[in-house]
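Would you mind keeping the following structure in view while I ask a few things?
Per-chain numbering from 1; labels A, B, C and D assigned in written order.
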Amino acid sequence: MHGIGFDIAHLLAGSLVLVSLTMLYQDRLYALLNTYTLHAVVLGLAVAWQARLQDAPHLYITAAIALLFKAGIIPIALHRIVVRLGIHRAIETVSGIGTTMLAGIGLVGLSFAVMLRVTEGAALVAREDVAFALSVVLLGLLIMVTRRNAVSQVVGFMSLENGLILAAAGAQGMPLVVEISVAFSVLIAFIVIGVFLFRIRERFDTVDVRALDRFRGERR
Amino acid sequence: MMVMSLLAGIGLLLALSVLALFVGARPAGTPLVYAIGLVLSLFLLAVSGSALLRAGPAQTLVLPLGLPWIGTHLRLDALAAFFLVVINLGGAGACLYGIGYGRHAAEPLRVLPLVPAFLAGMNLVPLADDAFTFLVAWEFMSLASWALVVAEHRGAGHVEAGYIYLAMAVLGTFALLLAFGLLAGPAGDYAFASMRAAHAAPPVAAVVLGLVLFGAGAKAGLVPMHVWLPRAHPVAPSHVSALMSGVMTKVAIYAVIRIVFDLLGPPAWWWGLVVMGFGGASALMGILYALFETDLKRVLAYSTIENVGFVFAGLGLALAFRADGMAAAAALALTAALLHVLNHAVLKSLQFFGAGAVLGASGLRDMDRMGGLIHRMKVTSVAMLAGAIGLSALPPFNAFVSEWLTFQAILLSPALPQWGLKLLVPAVGALLALAAALAATCFVRLYGIVFLGRPRSDAAAAAHETDPFSATAMVIFAGLALLLGIVPGPALGALRPAVASVLGTLQPAALRLPWLSIAPLAASRGTYNGLLVFLFIAGSAALVAVAIRLVAPGRTRRGPAWDCGFPDPSPSLQYSAGGFAEPIRRVFGPVLFRSRTSVHMPPPGETRPARLVVRSHDVVWEVLYAPVAGLVAAASSRLNVMQFLTIRRYLSLVFALLVILLLVLALWR
Amino acid sequence: MALIRDLAAQAAEMALVVGAAPLVTGFLRKCKARLTRRRGASVLQPYRDLLRLLRKDVVLAENASWLFRAAPYLVFAATWVAAALVPTFGGGLLFSWSADLIAIVAMLGSARFFLALAGMDVGTAFGGIGASREMMIGSLAEPAMLMIIFSLALLAGSTQLSVIAAFMQSPAVGLRVTLGLALAALLIVAIAESGRIPVDNPATHLELTMVHEAMVLEYSGRHLALLELASWVKLLLYLSLIACVFVPWGVAPPGSGWLAHLLGAGLYAGKIALACALLAVFEMTIAKMRVFRVPNFLGAALMLGFLGAMLLFVSRII
Amino acid sequence: MNWFLAHDVLLVLSLPALAAVVLAVLPGYRLSARGNVAASLATLLAALALFVRHPAPGPYFLVDDLNIVFIVLNTFVGFTTSVFSATYIDHELQTGRLTPAYLRFYHAMYQVMMFGMNLALVVNNIGLMWVAIELATLATVLMVGIYRTHEALEAAWKYFILASVGIALALFGTILVYLAAAPVVGTGLQGMTWTVLVAHAGAFEPGLLSVAFIFLFLGYGTKVGLVPLHAWLPDAHAEGPTPISAVLSGLLLNVALYAVLRFKMLMAGNPHVIAAGPLMTTIGLVTLIFAAFMLYRRRDIKRLFAYSSIEHMGIIVFAFGMGGPLANFAGLLQMTMHSLTKSAIFFAVGHVAQAKGTQKIADIRGLTQSHPPLGWTLVVGVLAIAGMPPLGIFTSEFLLVSSTFARSPLLAVPLVFGLFLAFAALLLRLQGLAFGEPTGRMTPVGASYVPTFAHLALVAVAGVYLSPELVTWFQHVAGMLG
């Protein structure tokens, strides 16, 4: 298994983490979307490489979904939403970029600390992939909780989900990967449509105290 | 066999409550339900009474109900039989009373189905022989009585009273549940028989004791767990108040005896100390609360706390004697406690019946608006007088006998070897003596303000005698109180197997001397003969009356009251309930109730009246309960923010939890 | 034969307490008068008062109830029976076993109960004052008395008065701190219970101070006579009690002959007379207390009694 | 006939799936409501047949003693809820809150949801189970938002986002389980099949399994409503149609709980893995106590009972975390009783809200006066949910508290504290609702009491009598759970 195949898989998965960290760094919505597109492309390449490595043709479908849907349709749709809602100017992050980055690096460290120790029995490719995937998942969550903007939160969720696909693809011979990636695509489509339909302009934060005061009667 | 008939009776009571759902709305439904309830209670009374007198070995029965791998264990021993007698005596009285009194219920459907259910629950508790059945019956009893407390739910404070009641009841049940959990052990042996066989280790037993004192003590009304009692008992319909105060508190006492004396194994000496301490404190605090209260039914409820204190003092003594191997003395103390249980059940039922009659006749509960009812409610006033003398523990009525026995038991306690007991027992004796004396003051005040003097309101002036059924119930109970007072021997005899079943030793034989005298341990230690005292007093009163008639045939005239030459037509110049207790308040109030008296005196020349303002605090409530309620309120307000976070913050919580768990995992190995 | 003799002794005892009570009060009044350098009324004056009252009509307040009319008989009967059970000159009264000391105190409690109710029956302010104060005094004096009984009972091993009296005559007694404390407490209780200065003043009708008199304010004629007599009997009861427990010498033991009884009677008269004289001196030298200071006074008795009982509990090894 | 018996599992799944299609095209809301009831009843019957005869576990489907509990409960409550729903939507149509077009969608989604839940329960594959739970979640999200009010959309949105994250975490956990299993049982479908996994659990890499369990616990725990993952639950319950609240509380939480339990069993098969028990007890206690405190400040009647569901989930998770035959038995019983009672309460609450025209607790007073049958039903239901005998939850709480106290007293103290806090809060609100001077509308409401009474009757019977068969069965399941 050692050799160039492993190195490329390693490189691609590592790049995904790097792109995740880059996303964490972005404070402009367009830039974030662009970075996400890159994220999806890298994912697609990683999955495709895994398909080749594992000789599992169905993974190509997943890779195609990643390239077409995630790197194509969704970013475009989100672009339009951003324009439509007029929120292209800035993302305000909750804490400073520096702290967020530090936290991100800490998370990557954590995921390696957790994963590498426990995956000794697993095949090497899977082992690295899983650790990288966990990093991507955690970073995606971090993006979600450090952004106030609905669109960037969706982006965070999607990058999280990319991590999942990476892990699934990395797990040798895992069934249902395609189905799962399809299911997730549906989910994401729902979310994007939701953002669009419900005109969630600024944030998921509409469920805040003042809104409840007005609507819920829970606080009266 | 007897267990079966008791079960049948209980089942019929439950069926009756279903029947009441259907007939309750009709006018004839109320008397019908109560009449059937009376018959069933009398049946249960007869069965349990014969079980008590028969005094054979305990009968058991296992039904395939309840916890599946244990079943429902039922057991009828003498102790259970005695308490069943008390319960059904009270139940029969309440039903008889209810035949007449029930028509006062505004919405009979809220009362009728619940009274038989309540009775059934109370009957089931002494029969239960495993923890699950016991707690189900116990909680069912609480639930039924709670529903009765909130039956008149539109009254001010009634719903709050119900809330505090059920909350305390459930807290108590949890305590009992934990106690049973400890007794049953990890394997879950919930049958009492196996608990009895397995003696708990001393520290465990101590925890169980604490939990039982809290759990059952709360139901019995021990200070400081009593707070619900004076709120809940008065707001129920009066015959239910009688059941709650007179009977349900006794079921709680049964629970304490059953668990602490029977299931817990041999006691440590200090258990008695703790139990006695609670008893003494309850006796004094209860009667002081009663003295400063002006709501008639609440006075009676507080007086229940006092009497429960007396019972617990007796139980504590019995524990201490038992721990030190003084079997005869333990039997004496337990006999005293049990007799007081019976006596108080009779007296308190009677008093609540009377209070109900007053309430029904005048619509009043506030003593300061009553007065002069003796002229308009002849039967009630006589019965209430009997009850008042009885609850004041004065001869020749019944409570005196049991308190006398308690004091005699205290007099045996110097033989106890432990210093803690030596120091505490006389102190508890002093507390009980004080409580007994204050009880007399309390009931002079109650009777004097309510029945004597002049009416303080139009409602009191327009009061009328109660219905014949209620009156009959009261007269029977008054007669019973007198009978138990002058001939206590048979009651003591009936208690013999009950005491033996708990302690394994018989009562001292001296308890029943010839000529109906009673004495502790030996006649030389002091004797009392209620019958002779009664005959003496009655005889000499008659003798004097005849003699006076002979030597002083003067006429009797009616005239205006003399009142030192300053007769005032306004009834408001009579002593009020508050005024009557003022001297006592001056003694105890500043310390125990943090009461402050302030006098607002107008400057000379002004015609404004001076005002005397007394502020008292329910210290127990303010120190123990209000802060807890405040803490819960504060904590829930603080946590309530969690309802109104943004999605991002919720996600942060998820994220934080995930990271923490992963960190734990990373550091774990 | 023995039964008849015992019955006779019991009857004599009952008669004695009723017959002698006015005399004791008369003597006490005489002593007080003499101490204030007055001549005072005759010692027989209480008898005359009684006769005068008995001859008069009864005037009942308009709204007095049956309780008001029954109370004097009940109060008197209870007090009388209680008094008759206290040994005076001879022990071993026939019916002494029907009630021990606790029961005797409780009977006095019953009497007080009815008296207080009677005070409240007419519905006047004064009746309420009297009843309230009387019950306050009683509710402190009674526990004190019970504590005294505890002390005595622990010493003698019985609450039976005749047994206690017999024990006090025996050499087993000795001098004990507890006895001293109990005596002091008993004196205070006796003063309070029988309505003497400084707790109450039987000779006043001043509204601020009266207790007993306030309760009987509405009574007249034979009812008043009975109540007065009852209060005198109560005084005698307490004096007898002190005499019997703390100065028991001369009380004829059960079953002794006429001579012993006669001697006992003589000594009893002497003891009572002495007690009256001492009481008179005490009352002359002390002022009436404010009502609200009475609890302190009685609290002292309670404390003394408690201390005495506690000492016994602690020192006793059985 | 034999074919039916052999393919009963398929029947349980295909009936709702077919019904969903049919109901989506069926015109006329009365007809579709009846169709909904009929389909639910048919599914229930199929499930009962499963109960009578378990088919042998196959590669795709597994019916054992554990999940049959859930299946029967699921289909039963699904059926009663459909009966309730028929009355409920009638009123909603009259008041104009729903239109017939939405109703068609509603009924179809109802069956989709039932399909998803049944699928999640019967599949023998952790990946498919994940897919099924996601499906059920999406269906409920759509139902929660069906009123299209601002609040409803908000609640649906919150539910959707939080549930999505939960689902993602659960998937990651599932992948990890596969990774742990693959070296032992080989790659492919084997590595995701329950029966295979459980058989070989002891040989899996324990560290990986531990990480997997954390993800699975958090992921499915979000659906269970464990604090602090619970945030979607109160709003989703409060703003959706009441039948959906009943289904959410009574069923969906159970299905998620079932997933957690399955994975706990897997963990139990490996001795070196991180102990799931302490984690579950801790989270259970936190959930219980937190929800108990939250009960005090509730102003919306459905949110109140939603928090009560959270509280009960805390108790149940605590019970399973304690483990051992008694606590597991108590947990199972508690879960069953909670499903029945809570859905009964929601039935009553739905009618109450319709009768009074409001969900605000402060505006509902004196129900026993204004609507006696409804009010008393609510009283009994709330007393049952609060753990009063002689109703079923008392039995399970009795077992749980007493056994916990005997085993580890320090855990029983917070448990009792939480139980009491919750009881006091529920009683406080109940008294306000049921007693006092009635306010609001007094007009009687057309209510269907049959489902409510059926549930409460079952709960009441269970409080005094549990049939030996049921007990043996539950005991066996409790043994399986370890």
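Criterion: a residue touches a chain if its C-beta (ideal position, glycine included) is under 8 Å from a C-beta of that chain, and two chains touch if they have at least 3 such contacts.
Keep in mind the model is a prediction, meaning the values are calculated, not measured.
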Report task. Pick out whichever of the two, A-B or B-C, is joined by more C-beta pairs in contact. Result -> B-C
Report summary line: CA centroids of chain C and chain D: separation to the nearest Å works out as 78
Report summary line: Cα centroid separation, chain B vs chain C, in Å, comes to 35
**Report entry** Whole-Å separation of chain centres (CA-atom averages), chain A against chain B
**Finding:** 68
Requested in this report: Go ahead and note the Å separation of the Cα centroids belonging to chain A and chain C.
Outcome: 98
Query raised in the report: In chain B, what residues contact two or more other chains?
Result: 643, 645, 647, 651, 654, 658, 662, 665, 669
Report task. Could you list the positions in chain D whose residues touch two or more of the other chains? Result -> 157-158, 161, 165, 169, 207, 210-211
**Report entry** Touching two or more other chains - residues of chain A
**Finding:** 114, 117, 141, 144, 153, 204, 206-207, 218-219
Query raised in the report: Where do chains touch, given as pairs?
Result: A-B, A-D, B-C, B-D
Query raised in the report: Of all residues in chain A, which touch chain B in the complex?
Result: 94, 107, 110-111, 113-114, 117, 138, 141-142, 144-145, 147-148, 153, 203-209, 212, 218-219
Query raised in the report: In the complex of these two chains, what residues of chain C are touching chain B?
Result: 14, 54-67, 73-74, 76-78, 80-81, 95, 97-103, 106-107, 109-110, 112-113, 116-117, 119-129, 131-133, 135-136, 138-143, 146-147, 150, 153-154, 157-160, 163, 205, 207, 217-218, 221-222, 225-226, 291-292, 295, 299, 302, 306, 309-310, 312-314, 316, 318
Query raised in the report: What part of chain A is in contact with chain D in the complex they form?
Result: 114-115, 117-123, 126, 130, 133-134, 137, 141, 144, 153, 157, 160-161, 163-164, 167-168, 171-176, 179-180, 183-184, 187, 190-191, 194, 198, 200, 204, 206-207, 211, 215-220
Report summary line: chain B contacts chain A in the complex at 643-648, 651-652, 654-655, 658-659, 662-663, 665-666, 669
Requested in this report: Over in the complex, which chain D residues touch chain B? Could you list them?
Outcome: 157-158, 161-162, 165-166, 169, 207, 210-211, 214-215, 218, 222, 228-229, 231-232, 234, 274, 279, 290, 293-297, 326, 366, 368-369, 383, 386, 388-390, 394-395, 398-399, 401-407, 409, 412, 416, 419-421, 423-425, 427-428, 431-432, 434-437, 463-468, 471
